[in-house]
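Worksheet: one structure, shown below.
Should a chain be cited, it is by its letter among A, B and C, assigned in written order, with residues numbered from 1 in that chain.
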Amino acid sequence: MSVQETLIPKLGVVTDVRIDTPDVKTFRVNALDGGKVFDHMPGQCAMLSIPGVGEAMFSITSSPTNTEFMEFSIKKCGCLTNWLHQMEEGQQITIRGPYGNGFPVETEFKGKDMVFVAGGIGLAPLRSVINYVRDNRQNYGTVDIVYGSRSMEDLVDYKEIIDVWCKEEGINVYLTIDREQEGWDGHVGFVPNYVKELGFDTNKTVIICGPPIMIKFTLAGLIELGFDKTQVYTTMELKMKCGVGKCGRCNIGAKYVCKDGPVFRCDQLDEMPNEY
Amino acid sequence: MQEAMIKRAKELLTDGTVNRVLGWQKGGVAYDATPAVFDSAEALEQGFVYDDFTAANLSKYLVKETKNEGKVLVFLKPCDTYSLNQLTKEHRVNRDNVYVIGVGCDGKADVEKLRAQGMDGILGITAEGDNFVVETLYGNKTVAKADVLAERCVVCKSRKLMTYDEILGEDGEVIDSNRFDMVEQLENMTSDQRYAFWQNELSRCIRCNACRNVCPACTCEKCVFDNVNSGVANTAAADSFEEKLFHVIRAFHVAGRCTDCGECSRVCPQGIPLHLLNRKFIKDINELYGEYQAGEDTDSRGPLTNFTYDDCEPSIVHERGVE
Amino acid sequence: MKQIKLDSIQSLFKALSATRTLYLPVDTPAGADFKKYEDGVLWSGALNPNRSAKDFFFPQTENMVDFKVEGKTIEIIEPTRPDEDFVVFGVRACDARSFELLDKVFLCDPVDTYYQNRREHGVIVTVCCNKPAETCFCTNFGIDPTAPGGDVACWQDDDTLYLQANTKAGEALLNSVADVLAEADDSAADSVKETVKAIMAKLPIQNLDLSAFTEDNLLNLFGSEQWKKLSEACLGCGTCTFVCPTCQCYDIKDFDTGHGIKRFRCWDSCMYSEFTRCAHGNPRLSQVERFRQRFMHKLVYFPANNNGDFSCVGCGRCLAKCPISMNIVKVIKALGGANK
């Protein structure tokens, strides 16, 4: 592989647009001749761009086990994402990747009981792992999913969660929203507190993704429960331009999030400066 | 002068008039002082320096400093006091939080001019009367101060302090300087010659933004060239046209507010005479709207933000465009 | 070793530029700059040009790819890559060393082919410094200006330039201009080297204590109280970054030319407020953090990823050019010894 192939993007085409929440849409992307633009591992990212508007890194939310297409769940929060949200089926975009290390699904996660903790759009990178684990069920133990957001409407992938994950044997889904809401009879409260309430078995492996403050408090709660930082993984996001550790802007200390991350084990974060 | 400044600063710190001092921290070589805040007598004694090379205009730091607790003492040269007045007028600096000691000034030296005179490997510079004795790796040399004055000091417009709470040294007079000579030379060129001149100068720009960041007139909270939503934000120009526009737009933006302190040209790592753009505006304003010197006071209306019946008509643009 | 009399050096430049483009430092009213050689252009005697020689391989702006956008469709147009063979003459040891450091970034997997392409087309001719400046501190990083490296190394005395090939490309270059060169004894440049070494011994910035800048000490240094004071007067401009021969951070931008979209990369500076700003915020909100990043990168992060090599070659440009005279030497002196 060379940068020539990665800095110069490939073309993809949007083949489906799903409205998830008021500010999140999930885009299905195919190569122009069908199929996927490239293969990836769970937790890896791709650079999407509309020429003239901008280019940015997004986690690939579909599982590698999906051989037909890639999906990206994107929250509207800036110039490029506003543009992306206006896309219709048939719109071409440029795409390059995959970037980053991904989750150690074939090594450290193998045979482990898994707990996934996500907040808001933080489900996007975890969905890839969750579906990868579901599709390779024999390789992993129990699966617990704790997912929360501000309100019912802000739960990304609600349909898949209810229709697929909740119905699957060996998967426990715990949903929560920040405040009481009409039509919601599930749990109410913040994710970190909910995780503590649920009090998971301390030999499980935990993956957290969400707003930095949620990650921070969830991690603190897990430590209180008796978890070791070596059992907890998270995935980071910083401004990126090249995706291959050369443009110099996504570093945390000596590590580049685009290349050495975005997935870090929480004990590794302790050795890095607190600048993220 | 340095000793008198330290002494007075210590007194003002001790009697509680101010709680910190904005000045210059001694560097490693003779000419590399760094603007710094001193908060104790010990710090002043250890590091405060004032000499022929402490050229930085400290007034812009007051934008940040006057937001902090307590009063700050600042040493300003005459040209810096114009900047402070202008910043006060624009409500960028809270004058009540500043104690200004105006320092008489007879010009600062430019180390690049020393180098241009063949003084390589400068190890030390000692002022002796009207001369500098320069110790270099290649022997000692003597040079007249007058021959290594910074350009802005050669054509100094005023040695008069515009605002101060007290004065150290001698206050001077406004000078009838020849600072517009080079502008006139440019005006006398044909448009092709002038274009070639600026093409050559601005092509060297590396868009380091030093001119903008040091400029006391550039105090926008967020510069349009940094604002990704502006559509013109750029870390480098995409083409040579854009590159020139950066400087032209900046010159327009500070027109009528630029005091001609000359910091832009002092800091340019590429030696581009950026002050000439601003001086052209100043000269034009003088000719079209009447004599005006930004920073002379804190309450007059700026020539470009004020309407009078004597203002020139828009047709002036066409008339002046005819060669 | 070869030689040529300085009074006939134009014949060397003519010969070098006959088959390829020759760039060399040329005096301008605002200091020296690398310029293309044409008949009559004189080689500058200046120690170093304002801008480093990194421009030749990592230009300030560089076109990466073009796009044509029509309705919902996009066409990707790969740019033609420059294929001009060129020689850069008059590079000093510090800048020559910077290419090795840039190579570590751009030529490690995945290779940056834009940079690689330019590297493959360029031949470097270095010249030993005759008059080191007080801002020089290359020796602190193990650089020997009397062995300036590059494809061909040169030494200059009062009337003669001595040339020695270091690489195959250098040998080929010297062979191609053999007509204008004379043979010289291998020890011909020794007295020049001795003279320069004697000057180097007198430089004011020597024996900087770099021992504290280790990966083990990363968090200590990062948390140092001193960054606040050191960065206090920093203007947040990009001067140090852009004159630095080893700074290589870049931005990627799109530009609408009116005929399509040009995607280019350009130098960027970690000193800029927008460098790390993204949709969810900015991890470096104040100049203290940006300032710290630049020096931590050069003195700790880069070495941690590159076998302990510091990302500084001691060329002294930042010392001469920083508007507020804050620089890496002052940072090293403040943090080097104290935090061990």
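Definition applied: contacts are C-beta pairs under 8 Å (C-beta built on N, C-alpha and C of every residue); 3 or more make two chains touch, one makes a residue touch a chain.
In this text the structure is predicted, and so the values were computed from the model without any measurement.
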Of all the other chains, whose mean CA position lies farthest from chain A?
-> B
Most central chain by CA mean?
-> C
How many Å are there between the centre of chain B and the centre of chain C, using C-alpha atoms for each centre?
-> 30
Centroid spacing, where centroids are CA-atom means, of chain A and chain B in whole angstrom = 51
Averaged over CA atoms, how far is the centre of chain A from the centre of chain C? Could you give it in whole Å?
-> 40
Chain C: which residues touch two or more other chains?
-> 251, 268, 277
Chain A touches at least 2 other chains through residues none
Counting only residues that touch at least 2 other chains, which ones in chain B make the list?
-> 228
In the complex with chain A, residue positions of chain C that touch it | 64-65, 67, 69, 72-74, 76, 78, 105-106, 109-114, 215, 218-219, 222-223, 248-252, 254, 256, 261, 263, 265, 268, 270, 275-280, 283-284, 289, 293, 296-297, 300-302, 304-305
Would you mind writing out the residues of chain B in touch with chain C in their complex?
-> 27-29, 31-37, 56, 61, 112, 120-123, 136-138, 204, 206-210, 212-214, 226, 228, 233-239, 266-267, 269-272
Which positions of chain A touch chain C when the two form their complex?
-> 1-11, 51-56, 77-78, 81, 88, 90-94, 211, 237-239, 241-242, 244, 246-254, 271, 273, 275-276
Sites on chain C touched by chain B in the complex | 28-31, 33, 47, 50-51, 60-61, 131-135, 199, 202-205, 229, 232-233, 235-239, 241-243, 251, 253, 255, 262, 264, 266-269, 272-274, 277, 319, 321, 323-326, 329-330, 333
